[in-house]
Amino acid sequence: MDDAVLSRRSLFAAGAVGLAVPAIGAAVSWNAGAAHAGATRKVTIYAEALPGGLFGYGLAPGQATVPGPLLEIYEGDTLEITLVNTTNQRLSIHAHGVDYSTSSDGSPLHASYNNPGETRTYVWRSREMFAAAGRRFMPGSAGYWHYHDHAMGTDHGTGGVAKGLYGGLIVRRRGDILPDRQFTVVFHDMTINNRMAPNTPIFEANLGERVEWVAIGHGNLFHTFHLHAHRWADNRTGMLESISDPSPTIDNKDLNPGSSFGFQVLAGEGVGPGAWMYHCHVQNHSDGGMSGIFLVRNADGSMPPGAEEAIHRFQGHTHTTTSQSHDDHGGHGA
Amino acid sequence: MDDAVLSRRSLFAAGAVGLAVPAIGAAVSWNAGAAHAGATRKVTIYAEALPGGLFGYGLAPGQATVPGPLLEIYEGDTLEITLVNTTNQRLSIHAHGVDYSTSSDGSPLHASYNNPGETRTYVWRSREMFAAAGRRFMPGSAGYWHYHDHAMGTDHGTGGVAKGLYGGLIVRRRGDILPDRQFTVVFHDMTINNRMAPNTPIFEANLGERVEWVAIGHGNLFHTFHLHAHRWADNRTGMLESISDPSPTIDNKDLNPGSSFGFQVLAGEGVGPGAWMYHCHVQNHSDGGMSGIFLVRNADGSMPPGAEEAIHRFQGHTHTTTSQSHDDHGGHGA
Amino acid sequence: MDDAVLSRRSLFAAGAVGLAVPAIGAAVSWNAGAAHAGATRKVTIYAEALPGGLFGYGLAPGQATVPGPLLEIYEGDTLEITLVNTTNQRLSIHAHGVDYSTSSDGSPLHASYNNPGETRTYVWRSREMFAAAGRRFMPGSAGYWHYHDHAMGTDHGTGGVAKGLYGGLIVRRRGDILPDRQFTVVFHDMTINNRMAPNTPIFEANLGERVEWVAIGHGNLFHTFHLHAHRWADNRTGMLESISDPSPTIDNKDLNPGSSFGFQVLAGEGVGPGAWMYHCHVQNHSDGGMSGIFLVRNADGSMPPGAEEAIHRFQGHTHTTTSQSHDDHGGHGA
């Protein structure tokens, strides 16, 4: 790691009522380092085999997760990733939204991958918008992006993506509002983060906390991401950027392979705490297991009335399941 | 009903040339009550079984339609819906875009549904945008939304949605331009409003009238909504919100399950009257029956040259139909 | 042709390293005539049968291509198209985005098509935005649109679209930045421009050139268009229209039947020259052949290091192909 401030936020923790929820997320951000622009951030990522035929990226040996760690930089920063391939498969890391030369493309087209056991460095650069002509600007790198394998199984990384080699990448513009909590949600074939209900993530926040969702699509199917009782502007940040921002406000958005978006909501704002649903709105996908819980606790972290019952209903939920071989139906977490 | 002005607009009427078109729409709006903000509007909705295995929502007993009535409020208003379940099925009403507590979520997760024969009240609140930080705002409730069953058949209301329990919901921002006509178009599996060509709705307007389209997606398939000879800005209102509004102008838009959008056009503006097509642009969907007519009459309401011939061609139209059991192929309306 | 300046840009040419690439594009634009508004532009288009069961539109007899020529006008212009049907099939030309009367709709609904051997004129008009109410405007015609057959095979032109009768149409707003190069990319069922890898187009530009992409969706499947190492604002032009433009920046976008979008990038800007990939990000589509090369040469037109090797890898690429009968698997061009 470099000398910048590093925070590893465990996105999940055993709740006050003793729910067994998986610790499936970690994050690396250098928000505190934002004062000095154009810094180079270095991180080592370990690609590892996981139980159940899955693979994951992690920030330390033995800590790979599905999805991988949420990476976060500011426009102007460079991210230098040393990818350690601890597996017996060819794999890589390919990023959306940032700048890289062909050698960091992560694709077999450019022989840009790690052979089994190999360590290789990938460099991702980012930049601010710059003037085009008139009042126009060529866009900078800011966005809710993602990264994924582009070399396992096929030249497009279909095998790696299918088995969990993906994660979120945020490039912030200076002045962006920072969240209290961050969730990465990957709609991938019939799964959410390679899990099916009732084993899908329970994302938790306290009433009024600013929660950032990073939504990513992968695989072969089309999806729509729906969140109950919360909504966002369909633009770069999810907030209206001025009183005359023309963006529509939505609570359901297409989330198709290779696409990603993000937004911030105030947990339970205007609706109160509770075990709110998020799900794919394609009916046979939600019925088949693409559904999860956004648990908004009381402001003091205690459980609101009815939330436990709702979660128990969810966990007892019968699905007309299209089962997936890489999904574990036993237990409620890892 | 409360003391606000209530208008029930019959969206369909037998045309001057004697077309048999279905009276499938009604609407409740409180536009005239917009002067006083934050009003509570009360409405009773009846969920009923319909011929052909369908179900519908209606504003009075025996008046259920597919889609249900178009509901319309202003940001700041509260909508209190007393849902009367006249059927022998568990069902509910779940809204997109508005605020509700878990007891009005409409989902079995929160035991928020009507048992057979049961009456239950659902409360939907709305609000204006409010300051976040800098010049940013958390978005308000304004939008082209929708409501649907979330309890019949499965925990996601798949059975109710499949059989017609859905409708449009508009939350307006103060100052929004009001239309002369409103159409609700639901792309749902291989149907439009649970009908297939040539029994799909013929939406009618006179040349130059301001027509508002509310488009909603449901079911298991992906769709694209295309309207001939008219176009709109891909933003909140469908109009450019200023001379520098960056939104693209489109005439074809993804309309996938759980998504909705709306826009206003001036009927026949720049192109003249005629029997204009609207259809899903997925080729085997349009060929299979997802096609209908937007009949723009002359300004005085008379039929323009060629429109009758076009409609007769449409009605004689042969489709390479993927038939749907819940579609009635007999007659041209109800 | 009328008296306006006509440029026919060959989008493809044999490269310096002797790559055999297809000359599949031509374009007609009247940019030089932009000074006088509201001009009427006349063009003759020939619909022709092509080898392999394909059909194409062309600007002269024997010059039909898939996709057809890229047409380009300014808001306010009228385009008068004389369509010569040299085939033995019923066919037409239907435009998105512009104004036309029912007789130029291009659909059998309005008997607006060419019988075999018939010549017929279609008139497309365009206009600037005009005031609605308050600061709002009804949108003008500016956009990245497209045209296609609407009469061959079915009333929706499914046969013509399947066999290659489609092309791009740009309506510019005065003041729009003009590109150095233009590429038309049609995602159509399992093909790109009715070709599959490794026979998909190699689009070429020199480092720093302003390249305009026009992306169009057709057929029965959903797609997502992804371009490596480049990105654009998800708005009308692909550039941020001001420092406070709220549009997200993306590098992957839904490209479904009937939809189109366009954007400009500076070739290799910030990433350098190279054989960059573009592909559908639906995994079994990219694996199945929906992948191609955006070859960014050095600024002087010479080949950058590694590009030839990458292209050779691409051409030797093994695909888990879902073969399509209308795709030619022999050779690397036409």
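All chains are identified by letter, namely A, B and C, in their written order; residue positions are counted from 1 within each chain.
Here, a residue touches a chain if its C-beta (ideal position, glycine included) is under 8 Å from a C-beta of that chain, and two chains touch if they have at least 3 such contacts.
Predicted model, so just to flag it, every value in this text is computed and none were measured.
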item	value
Overall pattern in which the protein chains touch one another (line/ring/star/complete/other)	complete
Interface residue overlap between copies subunit A and subunit B, same or different (over half shared)	different
Distance from the mean Cα position of subunit B to that of subunit A, given in whole angstrom	33
Multi-chain contact residues (two or more partners), subunit A	222, 233, 237, 240-242, 245, 247, 254
Contact set on subunit C toward subunit B in their complex	96-97, 99-102, 105, 107-111, 125, 127, 129, 132-144, 154-156, 158, 161-162, 217-220, 222, 233, 235-237, 240-242, 245, 247, 254, 256-261
Contacting residues of subunit A [partner subunit B, same complex]	175, 177, 222, 224, 226, 228-229, 231-233, 237, 239-254, 266, 269-272, 274-277, 279, 281-284, 286-287, 291, 306, 309-310, 313-314, 317, 320
